[in-house]
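Just passing along the structure, written as structure tokens.
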Amino acid sequence: MRLYISCITAFLCSLIGMAGLSRESVAQGALANLPRRETLILENPEGTIKNAGWFNIWAINAGGQSNGLQQAALDTLWYIDPDRGLDGVWQNSLAAEKPIYNADFTEMTVKLRRGIYWSDGVEFTAADVVYTVAAQIKYKNMRWSAALSLNVDAVEATEPYTIVFKLKKPNSRFHALFTVRWNAIWIMPKHVFEKVEDPLKFDFNKPVSLGAYVLHNYDPNGRWYIWHLRDDWQRTTLGAYGKPSPTYLAYVDPGPPEKRVIAQMNHELDVIHDVAPEGMFTLAKQSKSSVAWFKGFPYAHPDPTLPALIFNTQNDVFKSKDVRWALALLIDIKAVSMASYRGAATISAIGIPPTGAHPEFYHGPLQDWLSAFELDTGKRKIKPYDATVGQQIANMLRSSMDDQIPTDPKAIAAAFGMGWWKSDPQAATELLEKSGFKKVGNGWQAPDGKPFAVRVVVEGEARPVMTRAGSMIVEQWRRFGIDAKVDVAQGTLVTRRSAGDFDTLMSWSVETWGGHQDLSYFLDSWHSQFVAAPGTPQPPRNWQRWSHPDLDRVIEEIRNIGFDDPKGIELGREYVKIAVREMPTIPLMSYNVFTVMDTTYWTGYPTSQDPYTDPVPNWANSRAMFVRLKPRG
Amino acid sequence: MRFYVKYFAQRLFQFLLVVIIGINLTYVITHATPIDPVEQSIAAVTSFGNTSPEAIAMMRQSLRELYGLTGGPAEQYLNFWRRIATADFGPSLSVFPTPVSLLIARALPWTIGLLATATLLSWALGNLLGGLAGYYQDRRSLKFVAILAMGLHPVPYYIVALALLVMFGYVWPLLPISGGFGMNIEPGLTPTFVLSILKHSILPALSLMLVGLGGWFLGMRSVVANVVNEDYVVYAELAGVGRRRILRSYVMRNALLPQITGLALSLGAVFNGAIITEQVFGYPGVGALLISAVYAGDYGLVLGVTTISIIGVSTAVLIIDLVYPLLDPRVRTV
Amino acid sequence: MLTTLGDLLRYNIEFRIGAILVGLVAVMAGLSLASPYSPMDTFLVAPDLPPTLTHPFGTTSRGQDVFWHLTFAIRNTLAFGIVVALLSRLLSLAIGLLSGYKGGWVDRLLMSINDTFIVIPLFPILVLFYFMLRDRMSWWVLAVIMALLGWAYDARLIRSVALSLKHREFTHTGIFSGMSTREILVREHLPYVMPIVFATTMNNMNWSIGLEVTLSVLGFTDISAPTIGGMIYWANQHTALVAGVWWWIAFPVILIVMLFVGLFLLAVSMNEHIDPRSRLRRMGAGGA
Amino acid sequence: MESRAPLDCDRAARTRQQAEVALCVEDLKAYYRTRHFGVEREVKAVDGVSFEVRCNEIYGLAGESSSGKSTLIKAVAAAMRPPLEIVGGRATFRFLPGARSLNQATASQLAAIRWRKLSYIMQGSMSVLNPVRRVRCSFADFASRHLGGNKAAFQVRVRQHLELLKLDADVLDAYPHELSGGMRQRVTIALATICRPDFVIADEPTTALDVIVQKDVLDMVRDIQGEMGSSLLLVTHDLGVHAYMAHRLAVMYGGRLVEEARTPELFSSPQHPYTKHLIASLPRIGVDAPRIGLAGSPPNLAAPPSGCRFHPRCPLAGDRCRREMPTMIAVAADHRVACFAVAGAGGTA
């Protein structure tokens, strides 16, 4: 008996003891022995890095990327900001000026900035760029090896600060390889890599950095990385914009959304990459110090990425554009917006993200055409476009959260988007019947007599909002009598997407620069030459495996004009019109990211009032924040 | 002695059989995964990057060669066993070229440290209390423990973990709710580091023990409740043998036997349990590694982890089997 | 049997509590037939309403009435647990008894297979199964898979008991009186291991439902089918915990805990009733 | 009305006219009172039994199963667990005078008595020894506290005792399951007698054994009993065993004694119809008269028949038997019967 009593007490004591010591620890805060006021803590959406000690980003996929490595320690020739940029959308980083192409786009000359140094004191020169290209071509398993070997015939440093690329074939967009949207080809430190015998097996730990920060400390379990501001930060490209304020950057894996919200409420996480809308609302309500892109609703930052319902147009059922249109007309975008983003979505009827510079180049100018657009249901012609959907969503929301909802139409268009397709079951019925489907009982039958079954592949946990959108669409189709189901492809989505192993897919095949009107970034890959045969892997991004002669022509024309050529806008609008007529994917909304920033220790985050960059912390552009942030008090 | 040689040989044979069947099973299953590691890598590279379709086609080919996925299935299978023989699981595909063995070596201490300890602790404590509760059936304090156990034990582990997380993470934020240790702490035998580890392990450990302990407690209690009525216990009582001696040498001694088998089995749960524990508490370890490997279609890693766990568990079972006859003479004549 | 159940109900406090709890849960499940809402549809009611008279358990962020949705969820979850338990019991009984009684190579072979199932980590395998089966992974497919994976522990347990039974008088007498193996196992040993089977049934349901909850919470089941795990899954998708929609998680959890504790108490009290020894104690005359 | 020779333990204890009384049981009532799941049951397993066991005597207790034999010895030896309880009467041992019965002794008294003064040879030797401990340990656990002395001395004592019983000393190193049934029973007997107790209770000591072994074991028991001069209460349904062993023999039916006499006398001239039947149904060499079976079945002790519990099966049963319960009447020296139908035993049925 005594034995048993003593056991119990010992057990309880140990628990209480532990709890005790933990109490004192919470007071001590999230990071031991770092000055909190000089530290910016950001979420790394990559989560926990399996291979924590690996910093050689040029080896494919061996370590973390957005653990601060590409935001703070790496650099390349140019950046294009998805928003307005520190001093314009186009940013010459390591390059001193824009790329200089020859007449037929077979040669690109780059002038480099001077006085830029690696963190180990070695100066950055053309030799590094040349080595980067040469090495990637030499080691065919490096990350950008293929892209470079395909394009580059020869590269040479004509002067210490001038490089000339000779291209194998004309390419007016070659510089894009060295231009950061999210990332780009990062420049390697020649003096480091030329010493190692196999650059593919080299972990590059501790990394010699070209950015303003150097690695300070990292978790061998890959949960956190801490970077320290270089003493010679002036000798980096970021330094040109002034001294970065945070002395330390901590990129951490705060865990699932709830934990992120809690962490920020405890002021232990300055920048949340993304949370579910409800988490966002909670922070907006309960954490006075939290701010987001939009001051009020819908808060989120719209990434230049266009989530859409992607058809596998190689499936017989979805070969007919009438079927695709029918399914589009069965979607009530308002419900989808509510289910996915609780209304905090920026909708788009056309295949271009309604963000950055795009509305002024595309969405705005195309409104009239859209309103006039006619669709032949086989029985009659209808005008499916409703220019006021954005307005309707705003009004719908105003009832519950009036003060937060803008009233100015421009603001509404910016926040909620412009128009979308009217939900029109009648027209959908006609379209389906036109292409041989028929309703039996309360279920639809495909022409082959089988029930009309549609599976919508979603990514589950990995992308909650998209999963919610997909589930809502499924529900709407099911109500109409289609045998629709969600198919959660958590983990398998990537493989299935490239293998074309799906009916329809909640994903995106449209990504743009955001700040720049050029569409080749995604559109070039939509050319019929790249469409893979059924069953074989499809290269990104034309997941719908769709092609169209008119589109091919557009793409080829774009290839032969300059990056900034205004004619590009015209061609872009042509693409939009073709895509609307054909409906290869049902564009829904921009990818809104609920990036939440805590102003307890730092102010001056990028917002819609001061859109100097994208706050989403895994984008390499987000480095612009570091120079604009101000410590509070 | 002759018996032991025979017995040992049998058990060893069985052990090997289990390991080989198990590994083959997982080999087949893991290779049936529809996830293509090459596509995963390419997606990781292209999801944000700007890469032309031709480039991807090229990359795909070279990656296949790099990951050694070009050979036929038979060839790959042979390679696999060749590697196992040399205790080398080759490179991980999802974090190429880092060797699988290195990744596991990093993760294993965390898993063992947390789960094995928790399991053993709750086993010992649960059986002690359970035994006492079964023998002294009218002790009020033990009745209370019983009620507690009945309330806690049946609750699914995930729920318990979630509840603890909510209680001590959100409602009453006392304890860290993710990670193995605090930020910016240098690993090493420093008090700060050890303290931080302890602190981070409380919630996961507690969750494991709450569930485990109840099970052992109730199990032991019911076994003892039966043993108490065995003739040899009654007889010993009639012979006026002291209660404590009866409890120790007659009741506990005999009741523990099934529980010992139980322990060996529940050690098997360590590697499964690790997954959920590490998911919920963001705790580092083999489970987290395994899941991420499954996601990445990283056969190498999945196989590595499962193989290690299979060998680990069956070794535990083997040891128990070898010790068992020392504890239960009856088995020796089987 | 019925009368003993009646007695249990009247005079055994544990059994009574258990019965009440399980009863309530069963009633919940039954109510699903009376639900005014379809479990598949969303945004049928105003979202995020706290518990009120009209919505006793509140409403979810997906505009579902928690109470009514819960009735479907618990029904599916319950059915799932039962199917797995029954199937796996049969397996573990057959294998455990046989291998314990037969011993020798039969035992070794069976136990090798058994141990293999014990040592392979289940979770990743279930996940891989899900990857392969995709939307064909309905709850009953999952149930069968789990049953096939979930018998090993108890088989070993039952075996160890059968092992000890083998040295009991009644086994010997059974053998001498020329009973066949099947007869000995069924007539002599089965009643003896029944209590364990009951206990394990409970534990197995705990295990299977627990695993199902975990799987679906992590999104590895058909998320459109309402289950307890599924509800928690969707709640997490909407960060209900921090969004203050606590009722979305609290009520499913409470219900499932009720189910487990209830089942457990039933198992415990029935063990006592079934266990031959305690019956002897009760029917005192048997000792004279 | 009729001349009774009621037993009076106190007197028996005070004035020792006859051989000294080792155990005196007087009007002992032991019932199983179950209130399990509310089912109120009272099983009158032992209902008013009186007898005495003298020193250095083997007293046999016969009766078919469920006649209350085992319950009786449980009650006598205070080996009762709920729901069995003593509701009346007493059973006093010589070595514990005064006390109504053993179950009133203090824990320390019991500890001192058990195995030293009173030991048991239990039914089902298979399972009375701890299967996972060597025999030696059982000896140590049971006896060492009484015999005292250091380990070595104790070991010597044990060996001597085993020799006395012609047992090989290395059984000590064996585990119970490694011994044959007979051997195990012998070991149990050795264990029960190691402390040379005054009183030994043997419950079906040889039931599980085959005839040959049975004889050896019985001889062994008798020898050691004679050697120790202690009393033995031998309980078995097997009249053959009693014939072979018991000095005096009592027959139990339905929780009561029906007849008691010196063994030879009981066999030669049984008085009670039940006893008669028992004896008659014994196989005898040479005689092949048809065995007359006894109609009906043993009484249900939860609801025993009124009056004499044997009357439903009794060929001589009369009205009185249905109304009154017969008491034990001395019909001759050391011969008591409980039956109205027996001449000299209280009139006619």
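Order of writing sets the chain letters: A, B, C and D. Residues in each chain are counted from 1.
Methods note: a contact is a pair of C-beta atoms (placed from the backbone, for glycine too) under 8 Å apart; a residue touches a chain by one contact, two chains touch by 3 or more.
Small disclaimer: the values here were computed from a predicted structure and weren't measured.
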{"item": "Maximum centroid distance from subunit C, chain identifier (CA atoms)", "value": "D"}
{"item": "Between A-B and B-C, the pair with more C-beta contacts", "value": "A-B"}
{"item": "Whole-Å separation of chain centres (CA-atom averages), subunit B against subunit C", "value": "22"}
{"item": "Centre distance in Å when subunit C and subunit D are each reduced to the mean of their C-alpha atoms", "value": "50"}
{"item": "Where subunit A and subunit B are represented by their mean Cα positions, the distance between them in whole Å", "value": "38"}
{"item": "Distance between the centres, which are taken as Cα means, of subunit D and subunit B, whole angstrom", "value": "56"}
{"item": "Multi-partner residues of subunit A (each touching 2 or more other chains)", "value": "258, 262, 490-492"}
{"item": "Shared interface positions of subunit D, touching two or more other chains", "value": "124, 127, 131, 177"}
{"item": "Where subunit C touches two or more other chains at once, by residue number", "value": "127, 131, 167, 218, 241-242, 281"}
{"item": "Touching residues (chain side subunit A, partner subunit C) in the complex", "value": "256-258, 261-262, 275-279, 281-282, 335, 338-339, 342, 455, 460-461, 464, 467-468, 471-472, 474-475, 478-479, 485-492"}
{"item": "Subunit B-touching residues of subunit D, taken from the complex the two chains share", "value": "77, 79, 110-111, 113-115, 119-120, 122, 124, 127-133, 137, 141-142, 175, 177-178"}
{"item": "Partner subunit B, residues of subunit A touching it in the complex", "value": "1, 3-4, 7-8, 11, 15, 18-19, 21-23, 25-26, 30-34, 48, 50-51, 54, 59-63, 140-141, 143-147, 149-150, 176-177, 179, 181-184, 200-201, 217, 219-221, 223-224, 226, 250, 252-255, 258-259, 262, 266, 490-492, 494-496, 498-499, 501, 511, 521, 524-525, 529-530, 537, 539-540"}
{"item": "Complex interface listing, subunit C residues touching subunit B", "value": "14, 103, 108, 111-113, 115-116, 118-125, 127-128, 131-132, 153, 156-157, 160-161, 163-164, 167, 195, 199, 202-203, 206, 209-211, 213-214, 217-218, 232, 241-242, 249, 253, 256-257, 260-261, 263-265, 268, 271, 275, 277-278, 280-281"}
{"item": "Subunit B residues within the subunit D interface of the complex", "value": "230-232, 234-236, 238-242, 245, 249-250, 253-254, 257, 327-330, 333"}
